[in-house]
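Every chain is named by a letter (A, B, C, D, E and F) in the order it is written, and numbering of its residues begins at 1.
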Amino acid sequence: MTDTRADGRTADQLRPITIERGWSAQAEGSALISFGNTKVLCTASFTNGVPRWLVGKGKGWVTAEYAMLPRSTNERMDRESVKGRVGGRTHEISRLVGRSLRAIIDTKALGENTIVIDCDVLQADGGTRTAAITGAYVALADAVAWGREQGFIGKNAKALIDTVSAVSVGIIDGVPLLDLAYTEDVRAETDMNVVVTGRGLFVEVQGTAEGAPFDRRELDALLDLALAGNAELARIQAEALGA
Amino acid sequence: MTDTRADGRTADQLRPITIERGWSAQAEGSALISFGNTKVLCTASFTNGVPRWLVGKGKGWVTAEYAMLPRSTNERMDRESVKGRVGGRTHEISRLVGRSLRAIIDTKALGENTIVIDCDVLQADGGTRTAAITGAYVALADAVAWGREQGFIGKNAKALIDTVSAVSVGIIDGVPLLDLAYTEDVRAETDMNVVVTGRGLFVEVQGTAEGAPFDRRELDALLDLALAGNAELARIQAEALGA
Amino acid sequence: MTDTRADGRTADQLRPITIERGWSAQAEGSALISFGNTKVLCTASFTNGVPRWLVGKGKGWVTAEYAMLPRSTNERMDRESVKGRVGGRTHEISRLVGRSLRAIIDTKALGENTIVIDCDVLQADGGTRTAAITGAYVALADAVAWGREQGFIGKNAKALIDTVSAVSVGIIDGVPLLDLAYTEDVRAETDMNVVVTGRGLFVEVQGTAEGAPFDRRELDALLDLALAGNAELARIQAEALGA
Amino acid sequence: MTDTRADGRTADQLRPITIERGWSAQAEGSALISFGNTKVLCTASFTNGVPRWLVGKGKGWVTAEYAMLPRSTNERMDRESVKGRVGGRTHEISRLVGRSLRAIIDTKALGENTIVIDCDVLQADGGTRTAAITGAYVALADAVAWGREQGFIGKNAKALIDTVSAVSVGIIDGVPLLDLAYTEDVRAETDMNVVVTGRGLFVEVQGTAEGAPFDRRELDALLDLALAGNAELARIQAEALGA
Amino acid sequence: MTDTRADGRTADQLRPITIERGWSAQAEGSALISFGNTKVLCTASFTNGVPRWLVGKGKGWVTAEYAMLPRSTNERMDRESVKGRVGGRTHEISRLVGRSLRAIIDTKALGENTIVIDCDVLQADGGTRTAAITGAYVALADAVAWGREQGFIGKNAKALIDTVSAVSVGIIDGVPLLDLAYTEDVRAETDMNVVVTGRGLFVEVQGTAEGAPFDRRELDALLDLALAGNAELARIQAEALGA
Amino acid sequence: MTDTRADGRTADQLRPITIERGWSAQAEGSALISFGNTKVLCTASFTNGVPRWLVGKGKGWVTAEYAMLPRSTNERMDRESVKGRVGGRTHEISRLVGRSLRAIIDTKALGENTIVIDCDVLQADGGTRTAAITGAYVALADAVAWGREQGFIGKNAKALIDTVSAVSVGIIDGVPLLDLAYTEDVRAETDMNVVVTGRGLFVEVQGTAEGAPFDRRELDALLDLALAGNAELARIQAEALGA
């Protein structure tokens, strides 16, 4: 495989990943994560108690909201608050982030506590949802630790049963590539976001033929790339968390 | 594989599928499709012309909207019109149906015409989005035929480059099952919606771990089931279209 | 009176009326009603309990919502959920259907139970609001029967004190006509919707001069037609309910 | 008929009606109308030109909006602007006022001009919609006169083909009453709003059984009352307009 | 200083101010206030009890809402209820009126009662927010008196600790002017609204350079004018309240 | 004056101010500004062309939007996009920022170009609106420079006629303080935001008595502090811009 990518990466190489853990002075957990030029601020807000529909069930709740700053993109977008409605893409990604985190949370062990994760894209250059999930995990882990220190979560309760990260993969000119930057994303025939736990199990597989539909062999190649990329992300998360 | 499903189906068996083509007296294409007790009314509205942002590019546009009647479900849901906003799930599925149809449309061959597909769930028993996509294709095909008869689409323009259908698959108690009914859907550990063209290529693969994350082997088994199920759906679509 | 109507009806003749009682597998009462090509799906959702403002008053509540599918009409309409607001006409008809049903309900006999009637127009060819009321009654009657079987309504409580139906009447070229189809509706100088109980009493009289204002004699002729039409509808409802 | 009404009126007597024509210093036509304690400010805004969908058809447009101040009623109501949506009753009445005015406008004679009538209820004591229609006519007449003076309407164009007014009637304890005050309105078994032209023709008849349904004889008695009441209102309008 | 103002006033002269106290038959306090052609209807709605977040704290709550009728201005504005959202200017002024009133209320003495002030501009000719505050005080004072008579406020509780009024000042062609009319307002280089208590203390000072920024000396001149104007307004309020 | 402030500042001392100019890789101008722990990301989006209502007038347009991330505060706030409406405080501040910037822009010299400034609060510790204005100026200056380099603004057109910054001042326990941190802000009896140009002229003066009303002497002391603070901010802006 030759170095054909615009930024000099090999096909199976992540962009430079950085995680500024504890960026926020106020949130119970936070991380400013970068996948290259994509920067997402993830904060975790811990509340003792659960929404009304969960009260008395001995279980906690984890949810997420994703949004983009209006000028995080090349062209300024109108604010969803000004438009008065949350767009379909925003909804879709918020739900994806929430599901991904709930997959590695034991809500019984969490107890009747709520953690809301906010993922705000400060700068977008492709892969914002995968960066959001990867950073959200770090914020979540710190919020869980905070809840334990405060005595809201039992000392030995294992609320986090695994770690979770996500990466995009895609096919350009027939070549499967890892972690697409924006200019690659718009050219990709197929685009897939893969959410994987630290143990290498799938949480979400979302593949979409943007151009031509794809066959089984291509799907397999993309899954291979995504598993390897997520393994690397898990390592970086562990490092950030000082584990 | 033994008959363990509540409705007596084998693991790899679709529910009874029926397609009432041309249900609507007014739409340019329409189909009332049933996947067992799931019933979705799909209508295709053909308009000569395209949205402003596409004018003069020599290309057409296909989009879709999905919605559920308030009492299509066991418990009545509030109307989204009354709530004043479209929910995240509705947005997500509308976008999925639209992308699925665009994957098999050659928008240049379609010419400067717009087709809007409405998929309204009259009764829901699991698999509403897959029934919607499968029925939408039939409505779309008839709308394209109508556009050709009216002279809006060129006589030899091949606007439809393939067919498309969708089916859900999932794992219950470790067993991969095809076309989940609602009672199965809520029990599934993993739930996947797979959109496939008539030629057997993937358009969308959306797998979600509702319970435990899944491994590569399980993913492969689900994809096998889905490809077989979609092949059967393509056959039923062809029959409905008298092809 | 000669056969001058486009569909061959006499001036005082209803379109073919059909009622598919129990169309929905899930609602406590339902009917798919047709007035010619106008098709409305009416479902009744029964809930034990009442809205907060009625609790403890020993009375029940019946309300209704009316809506049209986007392509129930000749030209596709935008969805009200997407527009983010319910239109004036929709509001107006929802309120009319609700009032019409409450006129024949004894809310004390109903007890602290709520019935919500949804009337969704699947296909529109004039008279959608009158078909909605007529079908809604059938769904309501079955929901009341269901509530009685479940023990939520007293065995001898006479919750339904009468039946109710509705029909449109109008004047075209000076001739009063019963049950206008869409093409007649748009030509009518005067358009009136008349809601009548099985005993022949008025619940609602809504007459509007679309063209020239009308005089007392014309009003009387329209009311005569409407009473006769509603008597026929009451007979058809009784038949559908096996009374 | 004895003086049984709380305010000493006979059954067929209007409340004191006053019309302050030209109340607004800015609108092209205006009237502050009182039906007893009900006070409605009606303004007419004249614009040369029509909405886009009417351009080039040589016809004008008249429309109306009705609203209540939050403390026009006994209990303060939330503002619809704050709730973010216009309620069903507001919609319904706005539409009624608009239709009533259009019934006596010759839109061709009006030419490509638009008149928007705003009816804002400053104080409500029953009959706000009928006061609104009656006052709106006065504002409309002055706006038409203004348009003629400005040369926007042809000198000899007869844009107003009749006058229009409205009054409520109802049955309390079996007695038909004219022009219900709020305390009467809430007790009425039947409530009817009747919009009539100066020539005594019906524009709208909206009768509703709030309590028991009503029979043909009662309906006739109400219509008699309403015609007489509207004749009196037409006289008062003419006086206000100095006709 | 010469008489250069369009309406013949001197630079330091208010427009004719009138206050119709008790305009509304229904509100617990009300005033129709005029600053020249600017007319604002202020009503105060008294409720025993407080919003949920204040319950049990032994304190009351005063809030305000400001709005303009659509044709209170030269050009008709769309209704905010129809647009589905409250505009920034409306929000801003509602908040200003509320803060101004709370500055002279002792919420402990008010007890657990709520007073909502509605300020609806019937006619606008500049200074609507200052007229609103000045009239709102009169309505508030009467509502407090009403609450005391009803026994909701303690006999000796001094809920009103001062009076409050407001006036605009501005600089046109370098000359500081008091109480700008609309035609002056649009020409002003600097526009300031000053809310002052009866004792001559500042509650709000909101100065804005509409044209050129202003210096300290100009600011001082405007504050002098505003203090004098508010002293005069306090006198007129006292007169209206029969104090 | 003794060091009585929690963070050790003197009464007339700003918090540490930092400006990361050019933080965004995409915006035409940007600055991440900190006033102590308050951090605001300001981006300027330059578009050639103006809104429709300005076309052909030879003038440009500058506007601003302010918003807070949901967890920029101690307690998480709901997103305005999710609530479906922009709150009053947000509206108010967006308008303030826009007016402040327009005060130092010569829109004729800007030509038919539009600059939208987004100020997103990443972390809030008091003074977010003053930090927003101060940072917005830096982003604006760079966007103007960008527009000149691109040839959209004339070479010698002096679009920026001055600089602008803002600071808060307030009175706590009778002592006037500069640049309030959040814990000071909530205790302040009086709170004032003062927007001043580089030449020391006032653009906005917004003083509010949160507790007791204030007198003229206090107002003067606050204005003195604010002028000195803004002079320092102007120096820091110049430094950041390398002037």
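Operating definition for what follows: a contact is a pair of C-beta atoms (placed from the backbone, for glycine too) under 8 Å apart; a residue touches a chain by one contact, two chains touch by 3 or more.
Chain identities (UniProt): A, B, C, D, E, F = Ribonuclease PH.
All values reported here derive from a predicted model rather than from experimental measurement.
Shared contact partners of chain C (Ribonuclease PH) and chain F (Ribonuclease PH), listed by label: none present. Shared contacts of chain B (Ribonuclease PH) and chain C (Ribonuclease PH), meaning chains that touch the two of them, come down to nothing at all.
For E-F, the equivalent interface among the listed pairs D-E, B-C or C-D is C-D, as over half of the contact pairs agree by residue number.
Comparing mean CA positions across the assembly, the chain most remote from chain E (Ribonuclease PH) is B. Centre-to-centre separation of chain A (Ribonuclease PH) and chain D (Ribonuclease PH), using mean CA positions: 59 Å. Separating the centre of chain A (Ribonuclease PH) from that of chain F (Ribonuclease PH), both taken as means of CA atoms, is a distance of 33 Å.
Inter-chain centre distance (chain B (Ribonuclease PH) to chain F (Ribonuclease PH), centres taken as mean C-alpha positions): 51 Å.
With centres defined as mean CA coordinates, chain B (Ribonuclease PH) is found 28 Å away from chain A (Ribonuclease PH).
Annotation for chain B (Ribonuclease PH): residues 84-86 touch two or more other chains. The ring of chains, read from chain A (Ribonuclease PH) with the first step to chain B (Ribonuclease PH), runs A, B, C, D, E, F.
Residue ranges of chain D (Ribonuclease PH) in contact with chain E (Ribonuclease PH), taken from their complex: 24-27, 30, 37, 41, 43, 45, 47, 65, 67, 69-74, 76, 79-86, 90, 116, 118, 120, 122-123, 125. Considering their complex, residues 85-89, 91-92, 94-95, 99, 103, 162, 192, 196-197, 199-209, 212-216, 219, 223, 227 of chain A (Ribonuclease PH) touch chain B (Ribonuclease PH).
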